[in-house]
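Just below sit the structures, each encoded as structure tokens.
The same subunit A turns up in both complexes below, where it pairs with subunit B and then with subunit C.
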Partner chain A sequence: MMHILNKKKLNQILTGWSTKYDIYAPQKVEDYSQFLPLGTADELALNEPHNTRFPPKSFFLPQSETLLKYDHRLKQLKEVVITPKPRIIFGIRPCDAYAVKLLDTVFDTAEYTDPYWKAKRNATLLIGMGCNDPCQTCFCTTVGHGPFNHDGLDALLTECQDNYFIETFTEKGNKLFSDLPAATKDQQRQVQEMQKKAAKSMQPAFDTTNLKQNLNQSFDSKYWAAISESCLGCGICTFLCPTCFCFDIVDEVQRNERIRNWDTCMFRIYSLEASGHNPRPTRKERTRQRIMHKYSYWIDHAGEIGCTGCGRCIRNCPVGLDIRAMLRAVNTFESETVNA
Partner chain B sequence: MPDLEHNPYNPIPMHIMQAYYESNDYSLKSFELSFDNREDCDEFFKKFNPGQFCQLSIFGKGEAPFGIASAAWEGEFIRFTVQKLGTFTQQIHQLKAGDPIGMRGPLGNGFPIGNWKGKNLVIIGGGCAFSTLYALTKHIQHPQNRSDFAEMIVVYGTRTSGLCMYKNDIQSWCQREDMQIHQAIDIPEEGWSHHVGYVPDVVKEVAPSPKNAVAVVCGPPIMTKFTLPILVELGFKPETIFTSLEKRMKCGIGKCGRCNIGSKYICKDGPVFSLAELQALPDDI
Partner chain C sequence: MSETIVKLKTEIERLLNEDVIDVVIAFKQEDSPLRPQPAFFRNVAELEVLEYNSLCQNNLANYLTRFPQDTRIGIVVRGCESRSVNALIVEKQHQRENLYLIGIPCHGIVDIKKIFKKTGEEVTDYSENQDEVTVIVNGKEITFSRKELLHDSCLRCIHPNPVDADILLGDPLPEGDPNIARQEVESIEAMSRDERYAWFRHEAERCIRCYACREACPMCYCTECFVDHTAPRWTESDVSQAGMQAWHIIRAFHQTGRCTSCGACERACPMDIKLTYLTEKLNKDMRELYEFEAGLDSETQPPFASFNLDDKKRFIV
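On to the complex of A and B.
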């Protein structure tokens, strides 16, 4: 069933939730938007031309997170208490919600469950906002998703004139909106058409048919040296990527804590071994690792491409490297391989 | 609340039972660790298989992976041989009997010894990477296990005789009739009666038969690189050659992302791979 909510009533519904949940939603910060604790609906920035600058992965995998505490004699372990309050991430874009679902395949496996991830995941509802006007750097349809995809979401809002139309996909999501009236058949049709139109407006950015195969074949290709030449190795593409999850574990001596911090395969020290050997000594190998991980290794691990097409790496690259152009080049670079 | 009972990042409390140097340059030191809790000990030995590794942990100093250098039948302890190389291994070297230490493990797959029953074993090691092969050899030597395997040949090379680990044991292996051991050093030394030369050359000289045999190779990358083709030349099939890999790793359970070769994680899918498996992976070692 599709519900209808007048835009003017959004504040009321958010206030209603706030007695039970912490609500986070995109708000304007300088010239971009960012997920922040919500006060009232007029603080919302739901119509920004771009997605939030930072991906919402940090709600589940904070940039820095305490794993363990020990006492000053470096002996006893103290329990780290994570008491995640129930919370709602409101206005998350479908690409970012799907990224969280993809990360579940890393942190919540049958073999080892990451308790820190799981606790925060269980306490969180994702209420999505579909994208009526996908921006130039978005390419979700190319990687198999779409501006109104609901995978990973508890509910999805579609903005249409004065109203939001709401589809719910989980019991928890349904409960949040169950008091709202249903949309008429006509309205439903109108919403569906809008959703289709938005998806249609997005041109395929590259061909994924043989992409994995082409990437695997290009492993020793000159191509990687060529495309990584202008890369500065700053790592912003990975820090702002909603599916990048690599972390480092270090002991924070002054706080008596063992913590994990986001890390990036784009840094030299990431793979440097104590012996001095580095399997990825130059930006060539590191760029290759980033691209191969997203478009080849993820498929082996989870059966899917590990990129949701959010475009943050494109918008924020200081030298204008465009992952779409890189992948188009892989598809046409086939034969020129060198034996490494 | 995270389930701290099953928190895979939570080290098991252990103590150093014994610490002793292995090499005459004081770079290699063995540590025997005992469990503080009975349940941890039982749990560990339920899962333990030679070839696996553990994350050793000193709070405030850090954590790093080390191969297990003891067999289960030796007793309720775990041995690690640590080469003093970086900042964390320097800290470990300072530990003495009675000091506490954290441990996560056993991690990784270990050697697929279940598939090796009835086979001849060719065990080839170089330098301090011999530690997990020592665990494997010890495991097989136990009377209850020995009859599961046919002939056993061990090739062990070090740069000098002083760098040879587990000296007493290795000397006694020379007297054993159920195995052959070929020791080698890189440079000639006075009084040395064994092989002189690099491990790949010694393997060529010893020329173990590939018939009904598996070969296990652990050593520095350069040794492994030159030994594998010689085994292939001798007629070993890639499916019968095994090696153990190492890479910088943090979590040890396939989450932190840094130890991958292609789509395999060394910590979780390895560290032991057959040459056939490695040939299917990109050259990212």
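On to the complex of A and C.
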């Protein structure tokens, strides 16, 4: 069933939830939007043309997280038990929600469960906001998703004139909106048309048919040195990526804490070994790793591409590198030099 | 194609054809008219994508230290870039005789974020002249005066002309006003201590430690940055208050007498953090206390890198 909510009543419904849940929603910080606890900023930034600059993966995998506390002199160890209050992430874009679901294949598997991830995941509802006007830098449809995909979401809002139309996909999501009136058949049709139109407006950014194969064949190619020549080697593309999950565990001895920090394959020290040897000594190997991981190794490990097409790496690269162009190049590169 | 690009292309073609240099560091435009990229030209056929406009936001001197010292490099230098090149030569990071400096007097870098703030991000085309910038948004043409879009660092620029060049493309521009350059730092100096700390915290604590500021800076070329040093570690590793504040302060202090005020750090920052107010303060101190400005020539050592028994200001020894 599709519910209807007048935009003017949004605040009322959010306030209603806030007795039971901590609510986070995109709000303006400087000139970008960021998920913040509701009520701390002046206004919701739900009409930003694209998603928040900082990825919502941080709700489940914070950039820095204390795993253990200890006293090394007393030889005492204290586990950090996470008991998050139930919370709602409101206004998350479909690409970011799907990214969280993808990360479940890393942090919550049959073999291994990360208790820190799991506790926060169980306590969180994801209420999505579909994208009526996908950006030029968005490419979700190219990697198999879409501006109104609901995979990973508890509910999805579609903005249409003065109203939000709400589809729910889980029991918990349904409960949040069950008091709202149902949309008419005409309205439902109108919403579905809008959703289709948005998806249709997005041109394919690159061909994924043989991409994995092409990437694997180009592992030793000169191409990587050329494509990475202007790369600064900073961590923007990976830190802002909603699916990058690499981390480093560090003992902050002065604070008696064991911390997990985000790490990135784009940093030299990421792959530096204790012996001093670095198997990825230059930006060439590191750039290759980033691309190969997203579009080849993810397929090995999860059966699908590890990119949801959010476009953050494109919008925020300080030297204008565009992952779509890199992948188009990989596809053409194969046909030129496969026998070279 | 602007007159500057035509001249630039002709000059680069000559350099490559006559085997004057091995590689030219300039800009190209391939994927989006809004995001020119640093480019490395090694043969004439590649020059089709050559670009030069005010959206070329990187400091190309940043790439010099990636090449062996005997590589003959041609490099496009605007005012700040030429001073960065000088500062690197002073620090023996490349040899002047192996560099060919293609100087361009600079009208200032247009801050893409300032455009987006006015128009939203769906800009499909960009063009400019000396006074105006025109963008196409949703099929509509919008024109701005260039000055309202310039990056803050460029509004403060004192030396828009290359201080050294083997060829200069374009006529030299008038120097900037040092009084305007000082204004931001002076306004921060005028704050109370608490206000200053609040300002610093607001900026430093949005940091995500991606180190784009470091990687975009020509003078940050250490093989191992202090934050990457693990035994012993010099700062907290995480995004704690202390860790982020330490990064911001120490990064800036390492630039004392070396920063050329190009603002590449600030333009690279994904979190819109103001970074140059720290280095500008140090630059101001360097000018006032030591009458020194980084990169004005390729010989004078920065005050903190030199030692002289006749030093008048003997406050250290």
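Keep this in mind: the second predicted complex is superposed on the first by the 329 of 340 C-alpha atoms of A that agree within 3 Å, B and C clash if a C-alpha of one lies under 4 Å from a C-alpha of the other, contacts with A are read in each partner's own complex, and residues count from 1 in each chain.
Quick note on the criterion: a residue touches a chain if its C-beta (ideal position, glycine included) is under 8 Å from a C-beta of that chain, and two chains touch if they have at least 3 such contacts.
Keep in mind that this is a model prediction, so the values were computed, not measured.
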item	value
Subunit A as common anchor, with subunit B and subunit C clashing or fitting	fit
Partner chain in contact with A:Tyr112 - subunit B first, subunit C second, else both or neither	first
Partner chain(s) touched by A:Gly320 [first = subunit B, second = subunit C, both, neither]	second
Touched partner set for A:Asp207, first subunit B, second subunit C, both or neither	neither
Greater residue coverage of subunit A in the superposed arrangement, subunit B or subunit C	B
Contacts of A:Glu193 with subunit B and subunit C, given as first, second, both or neither	neither
Partner chain in contact with A:Val80 - subunit B first, subunit C second, else both or neither	first
Touching partner for A:Val250 - first (subunit B), second (subunit C), both, neither	both
Subunit C, subunit A and subunit B - angle at the middle CA centre, rounded to the nearest 10 degrees	90
Minimum C-alpha spacing, chains overlaid - subunit B and subunit C, in Å	6
Common interface positions of subunit A, toward subunit B and toward subunit C	248, 250
Interfacial residue positions of subunit A with respect to subunit B in the complex	67-68, 70, 74-75, 77, 79-83, 106-107, 109, 111-116, 118-119, 216, 219-220, 245-251, 253, 256, 258, 260, 263, 265, 270-275, 277, 279-280, 285, 289, 292-293, 296-297, 300-301, 340
Sites on subunit C touched by subunit A in the complex	30-32, 35-40, 57-58, 62-63, 113, 116-117, 120-122, 124, 206, 208-212, 214-216, 228, 230, 236-240, 267-268, 270-272
Subunit A residues touching subunit C - in the complex, by the definition given at the top	29-32, 49-50, 53-54, 63-64, 133, 135-137, 229-230, 232-236, 239-240, 248, 250, 252, 254-255, 259, 261, 264, 267-269, 315-322, 324-325
Subunit A-touching residues of subunit B, taken from the complex the two chains share	1-4, 6-11, 13, 58-64, 85-86, 89, 100, 221, 246-248, 250-251, 253-258, 260, 262-263, 268, 282-285
